[in-house]
C-alpha cells in the first residue's frame, strides 16, 4: 500500500477534517463574544472549503492514472468531480447560513464544523472502494443530518422532522448493513475490486442469488437517501418541518453523494450487475417520477411541493445508472449539478421569504411577490423554470443530456415516461410563478415583511443562478469539464 | 454440545426479544434487549469470534444499553399504553414480519449448500484482538478514521441537542 | 445587411429588458415608443435583409450566422446560430410586420390598463422567442423558441389574472402545449439518434446523400416515420389541431391583440412552419404526410362545424383559426408546402384583421363579446365595419381577395394530388367558413329585427391609432393574394421564392391537371363560398330562414355543436380528474378526510382496504412510514425471488 | 458436533424480522429505537457467521458497533429534546405534519 498516494488523494478531506476539528476547538474560546464568533467562523469555513477546492484541483492535476483499487477509498476522477460539486454546495450553504441561523436564533459555531464533517462523509461515499467505507460514509452523512435537523430545538415541527428522519434513516441503515452482510457472505469480501473479480469468475447460481439479495438491500439503503418511492415517506414531512436553509442543504448534497455511491456501485464497478438489478430499479424510477409529480400537484405548501418534486427528480436521475457507456458519469454529473443548483436556489429564496420561524411558505404567501420584490420573484421563477426544464436553463440541458443518452442506450420506455412526466410537472412548478406575477398582494393576513437581502444570501443565490444560466446557455464548459475529469478512468 | 449451546442461547435470545415486543414498561424492554445482546455475545463465542463477543458485551450491552436505561430513568415516561390502532397494526406487523423473515430465509436456504461449501475456509482459529487490530489498521484504515470523526460529531451533536443551555 | 440580419430578434429582446426592468417607472409614451420602436427596427432590418437575400442567386439564398457554440459534447454540437432562408424570411416578415401593426394597435387598445408596461414587455419577449423559433439553424434552438413562445402565450393569456377564466385558460394552454412539447422532444432525440446532429442543413444533407441511407418509407412505421409523427404531434399541440386544439378557444380570454398576434397570426403557425421546415424529412415518410393531411382536414371541418353556432365573437374567430390551420396542414400533408405557406401568410393578414376588428368592436361596446347582444354597429363604427367586411370576404374566399387565391391553391392541390375526399371535405369546410364569418358580420353590424334589444347604441368608433393598423391590414388582405397567383393567371412569385428552401420541387404537383380543370375548380370553390355567404344572408339578413327553427329540427346536432362535441368534458373526465383525484385523495388526505372516508366506506371492502393502505402513506405517523419502508424492501426482495 | 452456519443466519433473519415487527408494534420512541438496535445486531450476527474464522467479520462488527453507539448518542439526545418539548414519548403524539 502506498500511503503517500492515499494521503495525497485525500488532501481536500484532510483539510476539511482538520478545519472542522479546529472550529470545534475554537468555538468555546469565542463563546464570550458571540459577535466575533459569528463573523470569524463562517469566514474561516468558507476559507477552508475554498482551500479544499484548490487542493482538489491540485490533486486532480497530478493524480496517478490507475485507480487505487486496493484501498478502501479512491481519489479517482469520478470522485473528483462529485467532490467538487459537494464542496460547491457546502460553500453556497455556508455563505447563506449566518443570516439565516441568526434569524432563527440557532447560530452555533459548531454548525460549520458539522458541515465540514458531513462533507467528509459524503466525499467518502463518492470515492468509496469498499462497502464498509460506503456504510461509514453514509452514517457520517446521516448522523450529521440528524443533528442539523434537530438543531432548532424549540421548534416542535423541526423536532418531529428530525425524529422521523432519524428513525427511518436508522432503519434504512439496518437494511443497508444487512445487504452488506449478504454480499459479504456471497463473496467473502466487501471490497469492490474483490467483488468485481469474483463476479467475473463466479458462476455459482446460489452465490448469485445471495449476492442479488444483498445488492437489492444495499439499493434500498441508498434509495432511502434519495427518497425514491416507496422509500420516500419521510421526505415531505421532513422538508416541511425542518428549517428551510437546512432543507436546502438536505435536498441537494446527500442526494449528490448517495447518487454517486449508487452510480459507483451499480454502474461503475458492476458492469454486469444492472441487468439483473435493473428491472426493479426501473420500476422504482417510474414509480418515483409518477407518484412524485402526482403528489406535488395538490400541495399548497411550497416546501412540500418541492419535496415531491425532488422525489420525481430522483426518479429521473436513476436513469443514469442504466446507461452503459462512457457518458453515464458525465450525464449524471451534469444532472446533479443542475439539480442541486436549482434546488439550492429555490430553497434559499424560500428561506429568505418565509420569515422568522419558517411560517410563510404556502403558495398564498407568494402572491404578488413580483410587485414587492421583482428581483427575488424573477430569480425564483428562473429556478422554477429550470426545474421544469425550459430551454436556456440548466434544467433543460441536464434533462436533454440525461434523456438523450438514456435513449441511446435503448431505454425507450423509461425515457417516454420520464419526458411525459416532466411535461406534467410544469403544472405545479408554474403555480408559484402564477402566484408571484398574477395574483394581487394579499390583504390579510399580511405576509412577513421581507427584509433586505443579506450579502451572504445574495452571493449564494447569485452563485446558484449563475450556475443555472451558465449551464443553460453555455453548457460546453461544464460538459468539457466533466468529460475531461471522467476521461482518465476509461 | 455446541449445538445444544446454540439452541439454548438462541432460545434465550428469541425469548428476550419476544418479551421486549410484548412488554409494556420500557425499562423491561431495555433489560430484555440487554439479555438478548448478552446471549448474542455467547453465540459469537461459539462462532469463534471472542473479540466480537467481548465488544458486544462492553460496547453494546455495557455502554449503549446503559445509556438507554439512563435516559429512561431520566425521563421517566408513562408506560406504553398500547398502540392506538392495536388490531390493525398487530396484523400488519405480523404479516410484514413473517413475510420479511420468509423472504430472507428463502434467499438463505436456497444458497445453503454454497454457504456450507462455498469459498475456501482459512485455517479456523480464534479471532482475537491481534487479528482484528491488524486488519483494522491496514485494510480498514479509512473507515476507522471516518468512525473517529463520526464519534466526535456524535458527541458534538449530543451536546448541541440535549444540553440545557448552550 | 447580410452580416447584420441576426440582430433582428434582439431588438424585441432589448425592448423586453428595458420594459421589464424599468417599465413601471417610464411614462406611458416612452413605453409605447420602446415597444413599437424595437419591433419597427426589427421590421426594417428584416426588409433590408430581404432585399439582400433577393440579390443573391437562387441557390445561394441563405444567410447564416453562428453567434456562439451552445452545446458541444463529444461528437454532438449545437450552435447558437441564426439563419435566414426564403422560408424563414417569409415568416420573419410576417411576424415583424403584423407584430408591428398589432403593437401600434395595442397602444390604443390597452390604454389605461394598469399592466400596460408589463403587457408590452411580454409582447416583446414573445416576438423575441418567435423570431428565435423561425430563425434557428437547428432543432434545439428552434425548441428554445418553441418553449419560449409557449411560455409567453401562457403569460399573455393569463394577463388579466383577475378573471379566473383567464388564469385557467392560460394553464390549459400551457399544459396542452407541454404534451405536444414532450412528443417534440422525443422526436428531437430520435433525430439526433439517427443523424448525429440536430442541424437543419446537416439533416437535409444526410437525407439527400447518395447512396441513400434513408430510403422513402412506404406503408410502414420506420424510424423516420416515427420521428416525423412525433414532430407532428408537437406541431399539433402548438397549432391547435385535433386532438390538442382545446386550448385555443379558451385562449381567447387574453387581451384581443394577443389573440390576434399569437393565437391567429404567428405562434399557432409555428407548427406549420416546423413541418415545412422539416419537409425533407416528411417527404421521406409518406405515411406521416398522409396523417398530417388527414388530421388537418378533419380539424378544418370539425372546427368549422363548431364555429357555426358559437355566440362569442372571439370564439367564432378562434374556431375559424383552428379550421384554417387545418387547411394549411392539409396542404402541407399532400406536399403543397408552398400552398400551406401561402395560406399562412394571407391568413395572418385577414385573421389578424378580423381579430383586431373584433377587438375594436369589443372595445367600442365596453367589453361585450356576445354576438346576440350586438347589432346595428354599422352606423356607429363605419370604419371598423368596412375593414371587417374586407376581412370576411377575404377569409370566405371571394374571388380577387387574398383568401381566395390561397385557399383555392390548397383545394386545387388536394384535388390534383388525388385526394378527392379531402378535396370534397375542404369544399364543405369552405362553405361553412363563408357561412360563419358572414353570420358574424351580419349579427354584429347588421340591423336587428323589431323587438330585439341591441346594445349598439352606446358604441363608439375606436381611435385612429387602432384604425390605421386595421386599414393597412385590410389593404394587405386584399392585395396579398397577388404574390401567389395560380398558373392560369400569372406567376406564383411566392413559389419561385420559396422553392429553393423546400425539399420537393414543384413539378410533381404542377402537371397533374390542365388549366381548364384548374379554372373550373376555382369557379366551383368560389361558387361554394358565395353559397355560404348567401345562406348566411338568408338566415340573418333577409330572415327568410329561422336558425332557431333549424336548431329545433335537429336538437341533438345543435346541442352537439353548441357544446363543442363535449370534448372538453371528455378530456376533463378522462385525463384531468383522475390525476387530480389521485393527487388529492391519495397524497393529501387530511385536507378532506370525511370525503375519502365516505368514499371508501361506500365502495366496498376491497377498495377500502386499498384506500386505507394508500392513506397510510402520508398519515404523519412514523410507524406507518416505517411500515412502508419495510414493505418496500420486502417488495424488492420478492421481486427478485419471483423474477 | 458443529452447528451449520445456516442456523445462525436463520436466527439473524428472525431477529431482523422481529426488529421490524417491533417498529410497527411499539409506540414508545425509545423502544422503537431499541428495535432498530436489534436489527443492527441481527446484521452483526450475520457478519460474524459469514466471516467463518476470518478477521473481517469481527472488524466490521467493531465498526458497526462504534457507528451504532454514535447513532445511539444522537438518537437519545433527540429523544430527550422531544420529551422536554412535548412531555411525551408516544410516537402517535408526533403527527404534526402529514399529507
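The first chain written gets the first letter, and so on, giving A, B, C and D; residue counts start at 1 in each chain.
In the analysis below, a contact is a pair of C-beta atoms (placed from the backbone, for glycine too) under 8 Å apart; a residue touches a chain by one contact, two chains touch by 3 or more.
All values derive from a computational prediction rather than experimental measurement.
Chemist: Suppose every chain is reduced to the average of its Cα atoms; which one is closest to the average of all protein Cα atoms?
Modeler: A
Chemist: Roughly how far is chain A from chain B, centre to centre by C-alpha average, rounded to an integer in Å?
Modeler: 31
Chemist: I'd like to verify one number: the distance from the centre of chain B to the centre of chain D, where each centre is the average of its C-alpha atoms, in whole angstrom.
Modeler: Once rounded, the distance between the two centres reads 6 Å.
Chemist: List the centre-to-centre spacing of chain C and chain D in whole Å, with centres computed as mean CA coordinates.
Modeler: Inter-chain centre distance comes to 62 Å.
Chemist: Whole-Å distance, chain A centre to chain C centre, using C-alpha means?
Modeler: Chain centres of chain A and chain C, defined by C-alpha means, are spaced 41 Å apart.
Chemist: Return the residues of chain C touching two or more other chains; collapse runs of consecutive numbers into ranges.
Modeler: Correct list: 587-588, 591, 618, 620, 622-623, 626-627, 630-631, 633, 637.
Chemist: Mind pulling the chain B residues that touch 2 or more other chains?
Modeler: 89, 92-93, 96, 100, 104, 107-108, 112, 115, 139-140, 143, 147, 150, 153-154, 157, 161
Chemist: Where in chain A do residues touch two or more of the other chains?
Modeler: In chain A, 132, 135-136, 139, 143, 146-147, 150, 153, 163-164, 167, 171, 182, 185, 188, 213, 236-237, 299 touch at least two other chains.
Chemist: Based on which chains are in contact, what kind of graph results: line, ring, star, complete or other?
Modeler: Its topology is that of a complete graph.
Chemist: In their complex, what parts of chain D are in touch with chain C?
Modeler: Listed in rising order, the residues of chain D that touch chain C are 20, 23-24, 27, 32, 91-92, 94-99.
Chemist: Could you list, by residue number, the parts of chain B that touch chain D in their complex?
Modeler: Per the touch definition, chain B meets chain D at residues 1-3, 6, 10, 13-14, 17-18, 20-21, 26, 29-30, 33, 36-37, 40, 43-44, 46-49, 51-52, 55-56, 59-60, 63-64, 67-68, 71-72, 74-75, 77-78, 80-84, 89-90, 92-94, 96-98, 100-101, 104-105, 108-109, 112, 115-116, 121-125, 127, 131-132, 134-136, 139-140, 143-144, 147, 150-151, 153-155, 157-158, 161-162.
Chemist: Which positions of chain B touch chain C when the two form their complex?
Modeler: By the definition above, chain B touches chain C via 89, 92-93, 96, 99-100, 103-104, 106-107.
Chemist: With touch defined as at the start, can you tell me which chain A residues reach chain B in the complex?
Modeler: Where chain A meets chain B, its residues are 1, 6, 17, 20-21, 24, 71-73, 108, 110, 113-114, 117, 120-121, 124, 130, 132-133, 135-137, 139-140, 143-144, 146-147, 150-151, 153, 182, 185-188, 191, 204, 206-207, 209-210, 213.
Chemist: For chain C, which residues count as touching chain A in their complex?
Modeler: Residues of chain C touching chain A: 68-74, 80, 140, 143-144, 147-148, 151, 154-155, 158, 161-162, 167, 170-171, 174-175, 178-179, 181-182, 185-186, 189-190, 192-193, 579-580, 582-584, 586-588, 591, 617-618, 620, 622, 624-626, 628-633, 635-637, 639-640, 643.
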